[in-house]
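I've put the structures underneath this note.
After this come two complexes, each holding chain A, first together with chain B and then together with chain C.
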Partner chain A sequence: MSEIFGIPVAVILGQLTLGLVNGAFYAMLSLGLAVIFGLMGVVNFAHGAFYTLGAFAALLGMQWFGINYWAALVLAPLVVGALGIVTERLLLRHLYRLDPVYGLLLTFGMALVIEGTLREIFGASGQSYPVPSALRGALNIGFMILPVYRAWVILASVTVCGVTWFLIERTRLGSTLRAATENSQLLQAFGVNVPLIVSLTYGGGIALAALAGVLAAPVVLVTPLMGSTLVTVVFAVVVIGGMGSILGSVISGLALGVIEGFTKVVYPEASNVIVFLIMAIVLIVRPAGLFGRE
Partner chain B sequence: MRIRILATGLAIGLSMLTGAGPACATGDTIVIGDIDDLSGNYADVMGAGGVEAVRMAIADFGGTVLGKKIEVLVADHQNKPDVGASKFREWADQNGLNMLLGGSNTGVNIAMAKVAAQKKVPLFVIGAGGSSLTNEDCTAYSIHYVYDTTSLANGTATAIVQAGGKSWFYLTADYAFGTQLQAAASKVVEENGGKNIGAVRVPLAASDFSSFLLQAQGSGAQVLGLANAGGDFSNSLKAANEFGITKTMKPAALLAFITNIHSLGLETAQGLYLTTGWYWDLNDDTRAFAKRLFEKIKAEPTMDQSGAYSATLTYLKAVKAVGSTDPDKVMAELKKTKINDMFAKGGYIRADGVMVHTMYVMQVKTPKESKYPWDYYKIVRTMSGEQAFGPITGACPLAPK
Partner chain C sequence: MRPAMIFYIVICAFALAVPLIGIYPIFMMKLLCFAMFACAYNLLLGFSGMLSFGHAAFFGAAGYATAWLITARGWGTVPAIGAGVAVAAILGWVIGAIAIRRRGIYLAMVTLALAQLVYFVCLEAPFTGGENGLQGVARGSFLGLFSLRSDIVMYYVVLAAFVAQFLLIRRIVQSPYGQVLKAIRDNESRALSLGYDINRYKLLAFVLSATLAGFAGSLKGLVLGFITLSDVQQSNSGEVILMTLLGGSGTFFGPVIGAALVVTLQEYLSDIVGGWVGVIIGAIFVACVLAFRRGVVGELSALRLRRWWGQAPAA
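Moving on, here comes the complex of A and B:
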């Protein structure tokens, strides 16, 4: 009982828990990407940059205006989400009728501009954001000592993903959203303001990324590049889950976090490629992703 | 039509990326190049501040040497060895490059050293640590100027083992620099009667270090050897604090720069041992230089930035002394002249290319001990150049044992 493949069970459980924490970030980010892609057909390469902006909004809010963590958790997604809406209205809007590659190029360019600007102003080495006092300390959960903050990340992320899923799949607003994906022209004929829905969706997806950024700020150093290291993995997660599938992105986000965590014990050198390996296999076997429709 | 617009845009973008623009290769200017990480993980260690330091050195020298104007070319190697090497080759072929400063990243510098040998252009390695650059990868045109993995290990590992930290577990960045640093530290630990329990190799720029840290904790070692750098170092130390690992294990920064300590804050970094080739607050000369650069970059200079300044001056002095930019004559002059400036006192360049100079083992101050901004280090031990860099190993054919 106490060992599997020569590795103590307690160690494995500990690593899987940590994998779940990382998976929580993957899930929140890939959820936003999936929502944006599902409704707008835009591959949002700027997602990582907006995640970084969320973390910076929390950091600067604290340094400049004394805004605490809990307020930042609400304010940063609102501010960054609003910025997302502005970019959608001003820039992205003009590209819907064109090939999706234009949207991809635009958002990729936006990511470079955002990261470059942050680096120019704040430098590359980053700054520390303190863990809020209510979430300091650690829990002894038997097989490991888990910092309270990491437990909070899992809880917050699962809640946010659950609420988003419920909003889209089980409410009237959600059914309008889904109708807009299926046939936006018909929906517009029924008198629904589709462009508004599209703007709000993009803003919502961006707000999710910013929220993940605020959650990550106390865990990692807040640097201009914190998003770009994460976003490539998140794209792989979305591809594995199935582009546009909400449930798929959440489940595969959490699952891949756990698999990655396991790899870190068994063969650490491969931990940064395992997700892409799985992606390659999934693409061969099920090109539309595990939860996607052909 | 659209495609044409897009193509034009791309072409403009690409031409901007390559930077610098064409410079004449007619030989009426002296061209100094700087190839460094300007946008990634290590961009604050030397980066734009390093470029400022080089420009400052040229201005201090008078802007000309042998009656020719001194020009600077700058490129971002993006931490890719092929990018660094091909930029170096291009400048050597087309821009009349006379000397290159190699920025961060050992992998890139190993690739660039091969070009230095081929094109006979002196390469001053500033930001990279791997001591293979003066051993198996040495060339007649490479100089390792600021620090190397041997001197880092001799400093930090010796200090910690002698203070009672006998058993070590390493968190190692999975590339040339990390593995060389781990090997150097392991050797020092053993020589001093300590024990190496194990290591975990972590992919570069991992987003989370907690899994690896738990493995380190599970090993039961007394010392957590951090054989990584830049953002990886900062994030692993931050997570070690969060998981309470620093309570049971003593963290050892095998390479940390003052910018890392600044971004972590003294609350997290206090008590840490590290080795550095230079510190802004050592004496009046260092403070005077730091003050001038601070006005430009709004941060105290790192050892790499002051090293870039010193290396530029050292090269220009050698060119002036021999009255030519002939690489062989300049290298010969460099290897026989002592270096005395605000960076090094009595430093000298050995046959294998190591610039032997004083190194300092530092301990990071507690928030209480720190009296003014950037007052971060206290000197634990001052190592002579010979103690720090050790004897010639014989692995470099230019320098038999």
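Moving on, here comes the complex of A and C:
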């Protein structure tokens, strides 16, 4: 059995693996969105812009200060996450008592500012970020030649998602966070500094987006608009998975990446829209999303 | 005479005199098209309480349909506009039927994603001209009665269309149907408990808004003679939200003021600051959401300066 529907199995498996790489980015971004939404009720439209900022932080860190990839993996999320905390304190904080759509609109405006500024300073055309020397080369995994870096992306992202899940579901910090999600007023009455938790959570979600940006920098062209196209897909992923669920967002992120990869083999014209089509179908069949509660 | 009447008379006199006082007619027509777009959007956001993030899809799809029928099929101007509007209505029905299954922010995300789907179709379909869009859309004539080539004639046609659409939206909102829409906006569960089939009302509002947005898009393609991907893009959906919010969502004349502000800013600032105008638009967006949620008209009526512009603000 070397062909399915006249397509070599090796080609299919190859595209599925590449799809898994994209899915890894979807998973990390939708995880951050889910955490932020769960606690703050804010749909962070600027998520894609912060992902872009993460990639730019890595790129500029290398060009200006000679910071290497491994240091950037730590520093870029810290710097961008701190910026996220600043925006939460200065801007988002004022909207919590209002309809959640205002949070969406505010972060949309933020995304326009961030992406527009990057575009005007660095131009719309992209720059490439070199693959770190330790992760160059390729693995022969039987059915395809897999670049080591792509394998690293999948590994890193699954690890990060796993660690985040563990932090939220199995630690003291996580239980405080979940308590704040359930009933922040009561938690505050117990003497917990809820506004601080909110700031740190937003910063943490943003740091995840920035980390995804650094991971993506060597495989995609670093452009000011790299996040704006991605964020729409990630929104669809989140709608498919259901907003409330952390595990759901990770699973649907990875799964949709794979499905997208499969579509590239079977019917390439539809690969850009397949996620949106699936979203439409899910909404018709199960409006709350696959893992969500109404 | 009520102050509102005086206000509208002054505005009408200004609009009629535009070609005489030397304002560039193309600019005014573009402004009017976006004002129509914002008014159509306001029917949904302001009067039905649904935040769509995908209205560029209706605006752009209708524009593409009209432009394609004129350039590739040689249709007359008026039938081509009618067909464009019909495309927007059908698209509005499909997207609306899916989107109203969710509420609030979810509805926003769903419309955004479905509009992105329309964008990709416009990018990749064989008849839309890809990255270039459709160029050289001839204005033709109005049902063979008079030619629309002159900017002055075209301006008065667009003005008439704008007035007709404005009055239609006013009529819709003030009708019993509009009252139910506002009731659903303010308290959906109560409207439901009173026996209204809220999904039907919401879907009709969505279709009406999409149809009128399509009318604006068709006209815009005709006025400028081209339609491009930027008309179906997410940023266009964002701009119409900004126009509505900035002018005053849920007020009749607010979206017109918002559209005038945004289009004028884009037109004149881009000469001075170039691409930074996008950043400025984003900053206005942020400022508007933080401090100016009722918009120009909403703030004015909230200040009780005078209750000129009709409805009290919603937000």
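In this text, the second predicted complex is superposed on the first by the 294 of 294 C-alpha atoms of A that agree within 3 Å, B and C clash if a C-alpha of one lies under 4 Å from a C-alpha of the other, contacts with A are read in each partner's own complex, and residues count from 1 in each chain.
The rule is simple: contacts are C-beta pairs under 8 Å (C-beta built on N, C-alpha and C of every residue); 3 or more make two chains touch, one makes a residue touch a chain.
Values in this document were obtained by computation on a predicted structure and should not be read as measured data.
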{"item": "Joint occupancy of chain A by chain B and chain C, clash or fit", "value": "clash"}
{"item": "Contacts of A:K264 with chain B and chain C, given as first, second, both or neither", "value": "first"}
{"item": "Touched partner set for A:F291, first chain B, second chain C, both or neither", "value": "neither"}
{"item": "Touched partner set for A:N272, first chain B, second chain C, both or neither", "value": "both"}
{"item": "Chain B versus chain C as contact partner of A:M144, first or second or both or neither", "value": "first"}
{"item": "Chain B versus chain C as contact partner of A:L225, first or second or both or neither", "value": "first"}
{"item": "First, second, both or neither for A:Y129, with chain B first and chain C second", "value": "neither"}
{"item": "First, second, both or neither for A:R119, with chain B first and chain C second", "value": "both"}
{"item": "Clash with chain B (superposed arrangement) - responsible stretch of chain C out of 4-12, 166-174 or 292-300", "value": "292-300"}
{"item": "Residues of chain A contacting chain B in one complex and chain C in the other", "value": "98, 105, 116, 119, 233, 269, 272"}
{"item": "Touching residues (chain side chain B, partner chain A) in the complex", "value": "2, 6, 39-45, 47, 174, 200-203, 205-208, 210-212, 214-215, 218, 230-231, 234-235, 238-239, 242-244, 259-260, 262-265, 268, 299"}
{"item": "Sites on chain A touched by chain B in the complex", "value": "11, 14-15, 18-19, 21-22, 25, 98, 105, 116, 119, 123-128, 131, 138, 144-145, 147, 149-150, 219-221, 223, 225-226, 229-230, 233, 261, 264-265, 268-269, 271-272"}
{"item": "Chain C residues touching chain A - in the complex, by the definition given at the top", "value": "51, 53, 98, 101-102, 104-106, 108-110, 112-114, 116-117, 120-121, 124, 234-235, 238, 241, 245, 274-276, 278-279, 281-286, 288-290, 293"}
{"item": "Of all residues in chain A, those that touch chain C in their complex", "value": "43, 91, 94-95, 98-106, 108-117, 119-120, 228, 232-233, 235-236, 238-239, 243, 269, 272-273, 275-277, 279-280, 283-284, 287"}
